[in-house]
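You will see chain A twice below: alongside chain B first, and alongside chain C after that.
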Partner chain A sequence: MFVSDIRKEFYDVIVNQRVALLVSADVDALCACKILQALFHCDHVQYTLVPVTGWQVLETAFLEHKEQFRYFVLINCGANIDLLETLQPDEDSVFFICDTHRPIDVVNVYNDTQIKLLIKQDDDLGIPSYDDIFRDDEEEGEDGDDSGNESEGGSEPSGKRRRFDEGAVERRIERRREKRDWEARRREILFDYEQYEYHGTSSALVMFELAWVMSKDSKDMLWWSIVGLTDQWVQDKITHMKYVTDVGTLQRHVSRHNHRNEDEENSLSIDCMRISFEYDLHLALYQHWSLYESICNSCYTSSHFKLWSIHGQKKLQEFLADMGLPLKQVRQKFNSMDLSIKDNLREVIEESSNKYGMKDIRIQTFSVHFGFKNKFLASDVVHAAAALLENIEKDESGTDNFIKALDSLSRSNLEKLHHGIKLAKKKLISVQQTIASCICTNQILSQGPFLYCYLMEGTPDVKLFSKPMSLSILSKYLLKAFVRSTKNKRCRLLPLIMAAPMDVEKGTVIVLGIPPEAESSDKKNFFGRAFEKAAESTSSRTLHDHFDTSIIELKTEDRSKFLDALITLLS
Partner chain B sequence: MFCEKAIELIRELQRASDGQLPAFNEDGIRQVLEEMKALYEQNQTDVNEAKSEGRSDLIPTIKFRHCCLLRNQRCIAAYLYDRLLRIRSLRWEYGSVLPTSIRFHMCAEELEWFNQYKKSLATYMRSLGGDEGLDITQDMQPPKSLYIEVRCLKDYGEFEIDDGTTILLKKNSQHFLPRWKCEQLIRQGVLEHVMS
Partner chain C sequence: MDPSEVEFLAEKEMVTIVPNFSLDKIYLIGGDLGPFNPGLPVAVPVWLAINLKQRQKCRIIPPEWMDVEKLEEIREQERKEETFTPIPNPYYMELTKLLLNHASDNIPKADEIRTLVKDTWDTRIAKLRLSADSFVSQQEAHARLDNLTLMEINTIGTFLTDSLNHMYKLRTNLQPGKEAGKSQDF
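And now, the complex of A and B:
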């Protein structure tokens, strides 16, 4: 059931209770969790935070905690499957789900008592109406009446009896036909509804609005909701229109908070946090790197210039020369560049980019500024936190990384954030190198209804791509680069399936599918259902453990038959 | 040279940093006491000799030995007293039940002293604050809030809080709990206080 007044039906209910928070491992969930934790600290709500990385971990965590807690809050997990059936909770457990995964399972929508969805209903949800999918069984009663009539009719002369018999039988046949029709329609409606997987409003934004409604919002919470929204955009989960709309909402909040800064007499100290709206460059981490490296390793610029080819490198040099930026300056750390160059950098780059066909080099985003040294763009923090979440360096468990990433979002843990930025740089460099090698060695093959690319085991940094978020960033950038490099017009419209070795000992690969690349793409992904059906039909050993149904784990031996099944399914 | 053993004892304590209690050096004390006994006996005979035979050239030796005896006595007293101070601070740090590793380091008399100290502290605490008494070993630093956020560093299992409900402490889970319940576990290293 959808919660209409999030304050009365969610917060006021749990404020005097003990709550279990089950949080998924992505940056948007981390931000929503931080906001909710801050609210709980204000009101002394006792809670327990448990990180969950997949459905199995969620079930285990639920089993462990179900004796002690009645109220569970799930962040970025749980909306897209029948939760009550999977978890089998007691009658009095209540679940509050704040999830961006769509489509929301119909059982979750229509359950009135145990499942409360903290999701805004103005997202285009397209939920089928109740009568189309659920129906009370009245047929037995009517059948019973009919047989009753039959037996009564039996005492009358045979002519009448025959008439009654025929009438009853006809009615029964009619009803059965109706039921079959209704069920066929129901299957169709549900198939249409559940076919495409996509994402809705950021959970961090929902939590921030809760804080705002209670007048307990602060600049830290606003910053976290900005990071949550930017994460959705960096991971390409929402459409551009939605991003711009949500940025508009957040911009109003930012100006509301910045109202105090404008007063000249009481200007804030330099250590206070200032958030500002920026129309900044679409270059990843450019303020913490050198401009040259940032241009080479950002998806947008590298795919436009085609930097994996020599021709592309030459174009980049031309581009830099066109802007009048000397190579020595551009290869330095950004903070050490000459002030005269840095002043007009954005406008200069925008002008030259327009000449080279890059119209969207500038994007709407936010930056935060506290202290003399610390200035971060929202996308910087997103990249850093995502790199920390999927850190493979020390072979730590998923929950250790979760805790580190959660800590890095606080302002007092700047070393962790800087460590994250360092890891993010390494990740971006490996992504670009892998893209370059895949395109130059033509590893992306067209299988008919989709493109397919498999990362061999000996590829450098292949361990990095055994994690779902890194692999999905790689596949999105790879598809963008491929679309710009291929001459085959038909291939440009195809979706991509990417596979990489996940666990060498267990012999599994991670497979994920992404929708085709298009300017006005609605980011709807049908691979979730396709994978399920293909796995069923070939009885391949798969594990659909991830909250995004388009990411699965598959045994290496079953790879070829799984792919064949997918090809037949989708062509 | 005399009194060296005694200085060894003092140095041992100085090396143990920051209030840690090293093992009770039975041997060292015994050796110092033996040395003192030997010196005392020598002094006795010399004094008797000096008195009976009037040998005043023994007097400096007697004085020297007496000084050594006083020095040994002072060193041992300092050793024992410093250990007592450390044991006293253990009560404030660990509570009334000491971990067995520390108990091994104490001799029987020190244990006895610890128990007596515990009893007198408990009597004092009971006499404060009206009927229930006041536990002054809690909140050694003024608390900033009623509840604190803690993170679990190792798998501990179930933990019961005041209203009877249990919490499962699993590695890397975070909890927001009343401060007084967490202090013990923080000291033991199971939980870590998270400041944000």
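And now, the complex of A and C:
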């Protein structure tokens, strides 16, 4: 059931209770969790935070906590599966789900008592109406009526009984035909509804609006919701239109906060957080790196210049020369660049990039500024937190990484954020190197209805790509680069399936599929259902554990038959 | 005494806040507080003010002495005089730190206030050091300092008493004659 007044039906209900917070492992969920934790601290709500990375972890966590808690809040997990059937909770457990995964399972939508969805209904959800899918009551009633008629007919004299019997038989045949038609229609409607997987409004944004409705919103919460939205955009989960719309909403909040504080003549202390809207460069981490490195390792610029080829490198040198930036300046840390160059860097880059065909080098985003040294763009924080979440350096358990990433979002933990930025730089470099090697050695093969790429075991940094978020970033960047490098026009419209070794001891690979690259793509992914069907038909040993149904784990030996099944399924 | 203990004592000072919730009068061991009505200023101890501010339930109004001109005057006076001048609040250093860390958005010109208070503190501590130095070098038996705050006393207290103890032991050790030949344990 959708919650219409989030304050009354969600917050006021849990404010005096102990709550279990089950949070998925992505940056948007982290931000939503931070906002909710801040609200809980204000009102002294007792809660238990449990990070969950997949369905199995969710089930074990639920079993552990179901005796102690009645109220469960699920962030970025649980909407796209029949939750009650999977978890089998008691009658009085209530689940509040704030999830960006769509489509929402119809049972979750139409359950009135135990499942409350903290999702705005004006998202284009396309939920089939109740009567199209559920018809149980009517069925039983009619059968009951029928038998009732028969028994009544039985008490009548025999002549009338025969007529009643014929009528009853006809009606039953008619009803069975209707039922078959209705079921066929129902299957079709459900198939259309559940075929494509996509993402809706950021959970961090929903939580921020809750805080705003309660007038408890602070600049920290606004910044977290900005980071959550930017995460959806960096991970390419939402369309450009949606991103721009949501940025507009957040911009209104930003100007409201800025107006409130700069009102007096006395300006604010330098330690206070200042958020500003920027029309900044689409270069990853450029303010914490050198400009040259940032251009080489950002997806947008590297795919446009084709930096894996020598021709591309030359073009980059030309581009820098065109802007009049000396190589020495461009290769040193951004903060140490000459002030005269830094001043109108953005305009200079925009002008030159228009000449080279990069029209979207500048994007709408936000930056935060506190203290004398600390200035971060929203995408910097997203990259840092994502790198911390999937940190493979020390082989720590998943929960340690989760807590570290969660901490790095607070202003007081700047060393963690800087550590995250360092890890993110390493990750971006290895992504670019892997892309360069895949394209140069032609590892992306066209299998007919899709493109396929497999990362061999000996590839450098292959351990990094056993994690779903890193692998999905790699595959998105790889597809963009491939589309620009291939001469085959048909291949440019194909989706990509990426596979990488996940666990060498268990002998599994992680497989994920992404939709084709297009300017006006609606980011809808059909691989979830396709993977399920292919796995069923070949009885491959797969694990559909991830919340995104387009990411699965597969036994290495079953790889070829699984792929063959997919090819037949999708052609 | 630990500096955090001095800060704890400083939190008993009263400060004015403007709450955004309502609550009846509360009866605590230390005294009565309230009633709280949204938009109406009320005087509460600093520990409660900080807690409410962190829970976004109030706005803190800076105390009267926390003002740029007043603090500038105090600093100038402190620099002119050779002895310690009286200061507006016995816990000025702790209150400045607490209020500026938690409520700097409610205090206008917070950075300048922080600088001015630090300047005043530095001048006073310098005077303390000079006076301790002259006390030791002239081997006085007692000294009197007015208008010191607990934090300043605490900063120099342990060091001064410990070093005087050591100097006493060293001095008694220098006595020739009857103590000669015996070793002393410190």
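Basically, the second predicted complex is superposed on the first by the 536 of 571 C-alpha atoms of A that agree within 3 Å, B and C clash if a C-alpha of one lies under 4 Å from a C-alpha of the other, contacts with A are read in each partner's own complex, and residues count from 1 in each chain.
The working rule: a residue touches a chain if its C-beta (ideal position, glycine included) is under 8 Å from a C-beta of that chain, and two chains touch if they have at least 3 such contacts.
Predicted, not measured: the structure shown is a model, and the values here were computed from it.
K.L.:
Going by the contact rule set out at the top, does A:K216 touch chain B (first), chain C (second), both, or neither?
P.N.:
second
K.L.:
Using the superposition on chain A described above, determine whether A:I173 touches chain B (first), chain C (second), both, or neither.
P.N.:
neither
K.L.:
Can A:S412 be said to touch chain B (first), chain C (second), both, or neither?
P.N.:
It touches chain B, and chain C stays clear.
K.L.:
Taking the superposition on A as described, I'd like to know which of chain B and chain C A:V244 touches: first, second, both or neither.
P.N.:
In the superposition, A:V244 touches no partner, neither chain B nor chain C.
K.L.:
Using the superposition described at the top, determine whether chain B or chain C touches more residues of chain A.
P.N.:
Counted on chain A, the partner with more touching residues turns out to be B.
K.L.:
Touch test for A:A321: chain B only (first), chain C only (second), both, or neither?
P.N.:
Once the two structures are laid over each other on A, A:A321 reaches no partner at all.
K.L.:
In the superposed arrangement, does A:A518 touch chain B (first), chain C (second), both or neither?
P.N.:
Neither partner.
K.L.:
Tell me which partner A:H41 touches in the superposition: chain B (first), chain C (second), both or neither.
P.N.:
Touch status of A:H41: both partners.
K.L.:
For A:C272 in the superposed arrangement: first (chain B), second (chain C), both or neither?
P.N.:
second
K.L.:
Where on chain A do the contacts with chain B and the contacts with chain C coincide?
P.N.:
The answer is residues 41 of chain A.
K.L.:
Under the stated contact criterion, what part of chain A meets chain C in this complex?
P.N.:
Listed in rising order, the residues of chain A that touch chain C are 41-43, 215-216, 218, 261, 264, 266-272.
K.L.:
Within their complex, state which residues of chain B touch chain A.
P.N.:
145-147, 149, 151, 165-168, 170-178, 194-196
K.L.:
So in the complex, the part of chain A that touches chain B is made up of which residues?
P.N.:
Contact set of chain A toward chain B: 18, 37, 40-41, 44-51, 64-65, 67-68, 397, 399-400, 402-403, 407, 410, 412.
K.L.:
Which of the residues in chain C come into contact with chain A in the complex?
P.N.:
Touching chain A: residues 20, 54-57, 100, 104-105, 107-111 of chain C.
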